[in-house]
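Got some structures for you, see below.
Okay, so chain A shows up in both of these, paired with chain B first and chain C after.
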Partner chain A sequence: MADTAVNLEASPAVPIDQERSTLTQTELIWRRFLRNRLAVIGGIILIVFYITMVCFPGFFSPHNHLIQREDYISVPPQLPRWFDEEGKFHWRPFVYGFTTELDMERFEWVHFVDTSQKYPIYFIARGEEYKLFGFIPCNIHLLGVEPPGTLFLFGTDELGRCLFSRILHGGQISLTVGLVGVILTIILGSIMGTISGYYGGLIDNLIQRLVELLMSFPDIPLWAALSAALPPEWSPAKRFFAISAILSLRNWTGLARQVRAKILAFREEDYTLAAQAMGASDRRIILVHLLPNAASHIIVVATLSIPGMILAETALSFLGLGIQPPVVSWGVLLQHAQEVAVVMDRPWLLLPGLFVVLAVLSFNFLGDGIRDAVDPYSN
Partner chain B sequence: MAVQERELPANEVLLEVKDLRTQFFTEQGVVKAVDGVSFTIKKGKVLGIVGESGCGKSITALSIMRLLPEPRGKIVSGTITFYPPEGGSVDITRLDRHSAEMRRIRGRHIAMIFQEPMTSLNPVHTIGDQIIEAIQLHQDVDKETARKRAIEVLNQVDIPHPERRINEYPHQMSGGQRQRAMIAMALSCYPSILIADEPTTALDVTIQAKILRNMRDLQRQYGMAIMLITHDLGVIGQMADEVLVMYVGRKVEQADVRELFLNPLHPYTQGLFRSIPLIGLKGKKLVPIAGSVPSPYNLPPGCYFAPRCPRAMDICRQEAPAEYEVEPGHFVSCWLYK
Partner chain C sequence: MAAFIGRRFISMLITLVLVSVVGFIVINLPPGSYLDVYRAQLMVLGTSTAEQQIKALEKRYALDKPLYYQYLKWITGFVRGDFGRSFQYNREVSELVWNRLGFTVVVSVCSLVFSWIVALPIGIYSATHKYSAADNIFTFLSFIGLSIPSFLIALVLMVISSRYFGMSVGGLFSRAYENAPWSWAKLVDFLQHLWIPVVVVGLADTAGLMRVMRGNLSDILSMQYVQTARAKGLPERVVIYKHAVRNALHPLIMNLGMSLPGIISGSTVVSIVLSLPTCGPLYFNALRSQDMFLAGTFLVFMAIMLVIGNFLADIALAMVDPRIRYE
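What follows is the complex of A and B.
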């Protein structure tokens, strides 16, 4: 009995529920999101990807991704090491150099790890020139070794270009295509979906038939035809936006249908009638009352459709129809995977595929997490 | 009450509905939802409209607001004349329902509140934002003034701590508070007419009484007219000045509230009174009205109530009765009073 009395006194005067009810909607969403481990991990991976690849690929890559090196053709990955061949520990990681010989039988350069050459890795080191944000000349890299050493973390391709640097720069294109394409998708999809759902009748019918028409085209031939029609003299940037537009031209249809379904439901809600009774105009009802209700849905659909965009760009570039070299994207890098020799002898050239998988998975986890977090009825 | 009650000129007509006919065109045929109803709404008065579900009460309200689900539902004839406070008159049936003029009447002059407080507030905006939106739609004021006004009306509808609750979302409020917030939103633009469609049906009885008393107070304070739609005679008794009884789209009886309660004339009205429990009348059984409401697709000729009427005569089944003024201001549509 005494114990219970003590416990009662010790319990806080304010019940926990009361504290919870004072949290704002944003705080509740944020809490629910943080509880989802996979979504948080996906989010962190994407933040890292976007900072290293989209914002500062030049700084984070140890080499210039376009420089070709005859002496370092198809070098396997150089792994940073802390223990040397005698088992001695080094505080500063280092990489071994190479000795290169010509294999006369296969007529190929063969690289052997030369444990006598040790190149310590330095942070914030000066190295090859690159342009920060595409216009500020700069030569500071996050990681670097003293010349004549090299730091090919993921090896090099058949022209001796650093694959790690190329993956970072490729990510810049691939990850941005997803975003730009999704923004176009959201704009097109929500406008068409809202008009279709709110006004109904003939307009609805026309838009829905157009959606069905677009959906019934086979993807790859449609994209291929459209990108083949792009003038070859277009600059890479222009081509890039054209590709994003082509991808979203097909992609908006799914979103438009979902938005239409949502608007159809919201249109019949009492609050829409109440807003009309307040004297609100159609435009106002759509923009202020209907779209914000559909917003959480649109955001989730958008997040979940970014990976589709990335995959589509990768597929197009893989087929040689998307981004054109010398501009790199993950799809361009994966063109190597078309050769059996690569899969057999130089498997590190498949590493861009791992990044595609990572990015797509992260977006999916993040999208799932956001969907669960913004849903007020989840737990 | 601290608020001064305004002196009201007696019987000043704000809205005049004449022979309103609203019909729904469905696959199965035409439904005469409102079939020749006339009434007036006077300044500072509460007009109660009573009837069973589906008798056309709500459709009358939506016809006045021009919010019928077109093209299925249409006003086919009749006039709804609105007399704005600045003078003149407008026939609402002739306005384009999407026009700026109609939008100005909705919300600004005629406000409406709905039965379901749980769903008639938009879940994604705060209460404050929704009231501020309503104010700014009709009044040329900045956001700060609108916010002050929003807090003021929330205070008037008895929401505690309005300055804090204004930032809350509808789901953070109870049903009664939401309905108060709806009333606040409706009052925010000083409307001359408030149409309340079953405002308390979805609420607890205790909350119901409080909200009705609050509405009555505000009605006097604002000097507005209320058109109160309900199926609850108790609510009518507490609130209304004048009552209109509807049955299957037609007006069957209209009278001053005291007159109607003391001397119901139409057999349908009498049936309604016999079917409600009264405190203190022990041992008296409730008498339901026999039969059920006729199908809207297959209405009987003559008086629609004839098949259920205990006092029906031959003529009732052949011809619809005209409206007779039995006492001054007491109208009834029944052959018994010819």
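What follows is the complex of A and C.
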């Protein structure tokens, strides 16, 4: 118990037990959470993801993700280098340019690294225009090179669009689909679960049958059928919310069942009976006594259901039933990597998959850590 | 026991009816009817009997009648095995479904068996050697297994095997055998192709099963009756396999019921990437081209399998665990 020992030194007058007993519940949870290193790492990765991709994708991407460039079709990743071809070290990293030739046999553009063109990478550089938060015009990027140089960190796709920038913008959609879906899941799941558990009787029976009915459909096929039914003329934003809603339509059932079980147990507790005896209204009992107790449980279930939603959105978009281009999500990006021949030729097109895995893995670790942390009886 | 089964059976029937209603509504959600598409197709062909054909179909599926009437018509046909007609393939849905069902079941059952064979021993080992190096590695691997979309694993495996082994992956047969009659050589070829989908489809389940088994077993190992068994001086093998593992299997039996529809849907996305001749790709094509009788039949079929699977799992559970019967 290294951390307790450190605290002991900081305040030698307080014995361990007493010091521990003065910690609030939140502090205890926080402490247990920090002890789980994988969960902390997952949390940090997610914070970085949400800042770079959801909040400021335009600033962190070196290029505009929608601009197509005929001269840079399927360019391999340009890696930042510190040593040039003579082995000389440069403090400022740089990338090499390309010379492009037409391969007359396959009739494709082939790009060769040209060591004579060197483009130093600048921080906070001016580049292509983008809209900050979707409406403020801005052209400042974290990384940039002087034109005519380019900085395709992850290469480009078959239309010459910067893959790295597209991954960041795709993350904006993929990561928020999970969040919006989970918020809907929490709202629906806790309301239905609470009503079902607290009032019981006929309502409970009806809700439970509904839950059973929705659970009777396999998830991916049901989602696919519902997304296929979305009118194609809907705007991207409308479609985005519709897909989140579709994902949570089946997802809330699991949460509702668990909340119901919790509420059923809490309803018989002495404090609830005391509150009832004192004449508290149903509303007060539910909002003040029951739901806060179930809150930690709800948060855990919610966190653990985000990865499933991200994976589902990726799969749906991958098959062309989810988010539609020109809006990008990780699944949409992976559509380009559907054929083996393409992937063999341009393996960097699989990189969006790496981000899916990282995000989902982090959410799994984080959820696991939170679950262990909020359970007061875990060691 | 009989009363328990009877009660569960009745509630299953009710769920089945509701499932078919919802399935039918989902089929009819998209704007425009499949007959419009079909009519356009016939127009292009310039068949003179087009109008008559359309009229006949309209009559057959009661498409000019209100929705509830159409449902009744469809569901009575469904029970008799007439699932309607696929407009895209211009064949009976039942024909298409049976065609693909065989391979689907083979692939799915194999991957189910694969995941159980791999996951259970590892889960048991992890629970009995908690926090050992091997357990930590398995835990980490299972997290990764849960986090990688299975179609991505399929893609990567395909790339690796064609780049380094020069094998064409995808499909269940090499081109030479695709239309050949069954023979010894074809069977060998089939088995060579079978392992990739089996491993890919099974892998995601394996990771989940492993976690569940580890969690259950380690909960049970800390129970008092396990201590008692040890105190009696029983050998550790008996304590673990006879006393603990048996009880830890309960949630997994529930899980087995849940994976029954997977046998039909056969991990849809993976099948599309690997271009397997299973039901999954057919279902997706049907959704895309609004071939709604085909899609609807699959959807309801899968739901029915799930409901029946849950029913069977409940009975299996009640047999293993008498407490459940007296709920």
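Heads up, the rule we're going with is that the second predicted complex is superposed on the first by the 365 of 379 C-alpha atoms of A that agree within 3 Å, B and C clash if a C-alpha of one lies under 4 Å from a C-alpha of the other, contacts with A are read in each partner's own complex, and residues count from 1 in each chain.
Note that a contact is a pair of C-beta atoms (placed from the backbone, for glycine too) under 8 Å apart; a residue touches a chain by one contact, two chains touch by 3 or more.
Every value quoted in this text rests on a predicted model; they were computed, and no experiment measured them.
Superimposing the complexes on chain A yields a three-chain arrangement in which chain B and chain C fit side by side. By the touch criterion defined above, A:Asp270 lies against chain B but remains apart from chain C after alignment on the C-alpha atoms of chain A. Legend: residue contacts after superposition of the two complexes on their common chain; A:Gln25 is shown touching chain B, with no touch to chain C.
Legend: residue contacts after superposition of the two complexes on their common chain; A:Ala225 is shown touching chain C, with no touch to chain B. When the two complexes are overlaid on their common chain A, residue A:Ser116 makes contact with neither chain B nor chain C. By the touch criterion defined above, A:Phe318 reaches chain C but does not reach chain B.
The partner that reaches more residues of chain A, of the two candidates chain B and chain C, is C.
Here the vertex is the CA centre of chain A, and the angle it makes with the centres of chain B and chain C is 80 degrees, a multiple of 10.
Judged by the touch definition given at the top, the superposed model places A:Val288 against chain B, while chain C stays out of reach. In the overlay built on the shared chain, the residue A:Gly353 is in contact with chain C alone; chain B does not reach it. Put simply, chain B and chain C get as close as 13 Å, counting only Cα atoms, in the superposed view. When the two complexes are laid over each other on chain A, chain A has no residue in contact with both chain B and chain C.
Looking at the complex, you find that chain A touches chain C at residues 209, 212-213, 215-218, 220-222, 224-226, 228-229, 231, 307, 311, 314-315, 318-321, 334, 337-338, 340, 343-344, 347, 350, 353, 356-357, 360-361, 364-365. Chain B makes touch with chain A in their complex at residues 65, 67, 98, 103-108, 111-114, 116, 119-125, 133-134, 137-138, 169, 171-172, 182, 185.
Contacts from chain C toward chain A in the complex involve residues 14-15, 18-19, 22-23, 26-27, 29-31, 143-144, 146-149, 151-152, 155-156, 158-159, 162-163, 169-170, 261-262, 265, 268-269, 272-273, 283-284, 287-288, 290, 295, 298-299, 302-303, 306-307, 310. Interface of chain A with chain B (complex): residues 21, 25, 269-271, 273-282, 284, 288-289, 292-293, 295, 376.
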